[in-house]
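First chain A sits with chain B, and in the next complex the same chain sits with chain C.
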Partner chain A sequence: MEDLLEQTIHGLTLGSMYAMVATGLALMFGVVRLVNFAHGEFFMLGAYTFWFAFQELDLPYPVAGLVAAAAMAAFGGVYQRTIIRAILERSWHVQLIATLATSIVLTNLAVIVFGTQAKEVPTRLSATVFQAGGLRIAWQRLLVLGASVVIFAALHWFVKRTKIGKAMRAMSQNREACAVVGVDVQRVALVTFALGGLLAGGAAALVTPLFNIFPDMGALLTLKAFAAVIVGGFGYVHGAIAASFIIGVSESLAAGYISYAYKDAIAFVIMIAVLLWRPQGLFGRRIGI
Partner chain B sequence: MLRWSGWFVGGVALAVMPWLVGAAFPAQQRYILHILVFTGLFAALALSYDLVVGHVGSLSLAHPAFFGIGAYAAALLATRAGWPFLAGLTAALVCAGLAALLIGVPAFRLAEHSFAIGTLGFALVTHVVVTNWVEFTRGPLCVTGIPRPVIGVGALSLRITTVPHYYWLALTALALVALLYRGLTTFRLGRAFNAVRDDEALAATAGINPLKYRMLSFVIGAALAGGIGALYAHYITVLCPEELTIALTVNLLVILFLGGVGSLRGVVLGAVLFTALPEILRVAPTWRLVIYGLLLLLMVIKWPEGLDAALRRAGRRPRA
Partner chain C sequence: MRIALLVLITLLAALPAWAQGGSPIRVGFASAISGPSAITGEGVIWGGTMIVEEFNARGGIMGRKIEAYFADNKATPGEAVSAVRRLVDVDKVDVIIGQTHSGACLGAMPIVKELQVPMVIESCSNPKIRELSGKGGNEWTFRVNIDDEIMANTFAKSMARSAKSASMIAQNDDFGRGAAAAYDVAFKRAGVKLASTEFFDRGQADYRPLMTRIKRTAPDAVLLVMLASDASVFMRQFRELGLTQKIYARGSVATVEFLNQVKDNPSIGDGIIEASFWTASLDPDWERKWLERWKTPVRVHGSMAALTFKYAVAPALELAIKKTGRADRTAIRDALEQIDVKDSPVGPIKFDENHQAWINMILIEMRGGQLKVIEKLPTSPAILR
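Take a look at the complex of A and B:
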């Protein structure tokens, strides 16, 4: 019983990470209709920034985490101003190749700068364990779960209540109409990408103490986050979050009870099963002829 | 007339390439021919992929899986059961085609992005299985000692052992795939494929069953990929799970979309350029892939419709 609970909590931690990455991806798709295949690399760069701030500069954990999140928000902004601006009005396959090319550049830059050897960043919270009965969970995992609740609540408030958040939702419905009534489309896109970077950097700062970091960790993460976005219903942020937790928990339970080696395969089989059951995604609406 | 003589000269030049390369770069003949073998196999693989992506418009991400299934089928049959080359090649074609049929039935229930993710999921599952089913595929230990191909029997048999021999085999394979590609995409069948790609509902009202044609191109594309996988396995003689990762999909997408999707010339041009480019960039080994990525980025922004279309336009301009 404790074992099942432990595996589920591991899965929820993993799900929080996927959800933060997938949310950025879903926001970008919703607002500017573009799939950012370099999004996993945002997380990877966030992880290395956190490693540098925490391990090399010796900053305290919360400060290093904020540094990583802020750096990735800035990076998201720069990415939008340079690459996204050039491909925003182009066809989907130009966007696919351009964002894939960006991910190749970022991954191999990371290889040059940081080397291929995996890095570990243990913190005091990841080394100490919360115990209740037979249950043993690293404090870091509880921090991830708590922080992700706060982050998603803040995000909900931001998108629903602030003016820029409303502009983002308006743009996801009709970009041309927004431009007509005077919404600064480029500025909204900039905020969206900065927000995507912020979420990826924040996720990296939260979960990096639990996992190793290496330069090509982004590729599989992009694919899983993309799968979560599709399964959630394209562009529906709450759908992407729900699907992320499904992937995280099924991966963790598969690793614990079936086979560690096959965990990714099992998670993807579940994804495919969900898609076959609801081809439009969990929350997407069916558009029929 | 000029067109045909151009094809003839080009064909002869390709056929005598080993001697040309030997005369021009005697020290590097093997290396250059090796790159050319890869280019030929990659061009054939990209053509088989373009049947699906370029002609019926289904963004399948499962192609490395079919390539890998063919490669592993041929490799395992040759090393464990001692099957001759041509029998293994046929088995590879059949296995990959059957896999496509099995995965196609559920996958084509999905539209666009969901189809991409469904096929991607299949590719990832295949990779995980090949890596971990060690008793069957040897996993990360790789299948080793795959024999060089022998075509025919007895005194008439042809042993493909040297790199130039293999170059001619790859060239023949590419020519066959290109002919098949032309045949499939030109006549009534080709028009039906393109009708399904351009407007599915309209095609259906004209009596063209979209699912049937999608499935047909998916299965043929996969079977060809499996056959090319078999040729590849017999060439490199050591087959590892890394051959069927998502990196192969990225390469194929780059070849198709930067070369010219849906066009024979564009796809072959893309395959030549994007197999040669990473090799040329070996002059800067550390920065190689960074420069490669930056070049891709520049090209896709500068020539969004592909190099083939850009060349055509540049060729027309002076006369206009």
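Take a look at the complex of A and C:
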């Protein structure tokens, strides 16, 4: 029983990480109808920014985390103003190549700037363990779980209650109509990308004390987040969050009870199964013609 | 007239040396320069650059300068083929040192045979490489480092002294799977029960599900077949879970690279014993020069690449030039078959009929942030019988 509980907590931690990255991806797709294949690199840059702020500048953990999130929000904004704006009206082929190229450029820039040796950012919370009976969990994992609940609640409030959040929802339904009624679509897109960056930076600050930081870390994460977005229903933020936790927990249980070697395949097996059973995703709506 | 004749004879005698001095020897280094294993290639670039500069500062080999070329194999078989093609077709190298990773080595072997360029392997440990080299059919491939079949037979006996059962956790690639197959056999021979074998893809974020499986099987020891960047994350989570099994390792776990990763708490690695063939203390002078030059701890794979050049390729080049006056690919291959270096930091280097050198195996123990060679064991083909 303790085994099962432990595996579930690992899965929820992984799910939190996938969810914060997948949410950004889903928001971007929902609002501007573009798949950002460089989104995993947002997470990677956030992780390096956090490492720099925490270890090199010696800032306290919460401050370093906020610096990483803020820096990635700014990066998201700049990315939208430069690359995304230039390709938004182009065909999906151009968008695919441009975002993939950005991903490759960012990864190689990280190799040049930070080197190839993996970096670790242990914190006091990642080094201390909460123990209850035979259950042992690093406090950092509990922080990840707690913080992700707060972050998703704040995101829900932002999208539902604020004017810009409502504009984002409106744009996800009909971008042209929004432009016609005077919504500043470029500004909404800018906020969406900044928000995606903020979430990726925040996720990086929360989970990197548990893992390694290395230039390629974003590649698999992008694919997993992409799978979560598809499973949840393309463009549905709540769907992406739920699917991320489903994938995280399934992966962890499969690794613990079936095979660790094939755990990465689980996300994609789930994705294929959902596409066969419900092509619109678990939470998406079927579109009739 | 007599003076003119003397001058002419002197000039003719000096011609081969002049001609040799004019054409540098091109040496290619292939390793993972990008991708998740890029740390190995970075080390190979540094080690290769340093050793070639060292030789050139002394006037090269037999008066001929050395030129180093580097190619990226991304640690994969397919990219290793491209790396060899690039080194041979574009850079026109005379000999290749590499490919660091077993999958890349196995991928490169058919193409070096096809292109007829000698390749001297510095640290790929898949046992298949020995079977396929020399009399195994590929006369262009040589290997300096010992492989996992050679090491497993010795290491398993050592592990059997303190463990009756063991779980194995290995990289999901040719290195990890080759080692796992070798240890599977060696454990049976040594009387160690193999409780479980798990494979993982490199760069994992979370090893805890895997550790929960270890907790259930409760072996006496765990054998890690992995590199430092994965091992540091693994060991942090191993300590987090409060597991107490004795840790044995193959790869680059008991290394300064690992200690650099866990410098906030070096005790994470306490008690790990690794079977290897190289550690910094075997060559303190090299370690000092590396630190001075690169301001970072000495790397295993870069050092093995440099050592391969210094103690295998350079003697072969010297022998080839002395015997044939040439340093072309065939002459280098023939010379590699004849070299007999007795005093390298890793032990004697002389290739057998499978083009395998039988260097020493060492056991390194990590404790309190320090690495200590606790045993140095000579190897020979008798180990496999």
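Convention: the second predicted complex is superposed on the first by the 286 of 289 C-alpha atoms of A that agree within 3 Å, B and C clash if a C-alpha of one lies under 4 Å from a C-alpha of the other, contacts with A are read in each partner's own complex, and residues count from 1 in each chain.
We adopt the following convention: contacts are C-beta pairs under 8 Å (C-beta built on N, C-alpha and C of every residue); 3 or more make two chains touch, one makes a residue touch a chain.
Note that the coordinates shown come from a computational prediction; the quantities given were computed from them, not determined experimentally.
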item: Clash or fit (per the criteria above) of chain B with chain C on chain A; value: clash
item: Chain B versus chain C as contact partner of A:172, first or second or both or neither; value: neither
item: First, second, both or neither for A:3, with chain B first and chain C second; value: second
item: Which superposed partner A:94 touches (first chain B, second chain C, both, neither); value: first
item: Partner chain(s) touched by A:215 [first = chain B, second = chain C, both, neither]; value: second
item: Chain B versus chain C as contact partner of A:117, first or second or both or neither; value: second
item: Chain B versus chain C as contact partner of A:16, first or second or both or neither; value: neither
item: Which of chain B and chain C A:281 touches, first, second, both or neither; value: first
item: Partner chain(s) touched by A:108 [first = chain B, second = chain C, both, neither]; value: both
item: First (chain B), second (chain C), both or neither touched by A:86; value: first
item: Among 74-82, 92-100, 236-244 or 272-280 on chain B, the segment whose C-alpha atoms clash with chain C after superposition; value: 236-244
item: Contact residues common to both interfaces of chain A (with chain B and with chain C); value: 108, 111, 259, 261, 264
item: Footprint of chain A on chain C - complex, ascending; value: 34-36, 38-39, 41-42, 172, 198-201, 203, 205-206, 208-210, 212-213, 215-216, 229-230, 232-233, 236-237, 240-242, 257, 260-262, 264-265, 296
item: Residue ranges of chain A touching chain B (in the complex, touch as defined); value: 83, 86-87, 90-91, 93-94, 96-98, 100-105, 107-109, 111-112, 219, 223, 226-227, 230-231, 234, 259, 261-262, 264-265, 268-269, 271-272, 275-276, 279-281, 289
item: Chain A to chain C touching residues, read off their complex; value: 3, 6-7, 10, 13-14, 17, 108, 111, 115-118, 120, 122, 126-127, 129, 136, 138, 207, 210-212, 214-217, 220, 252-253, 255-256, 259-261, 263-264
item: Complex contact set, residues of chain B against chain A; value: 106, 109-111, 113-114, 116-118, 120-122, 124-125, 128-129, 131-132, 201, 246, 250, 253-254, 257-258, 261, 286-290, 292-294, 296-297, 300-301, 304
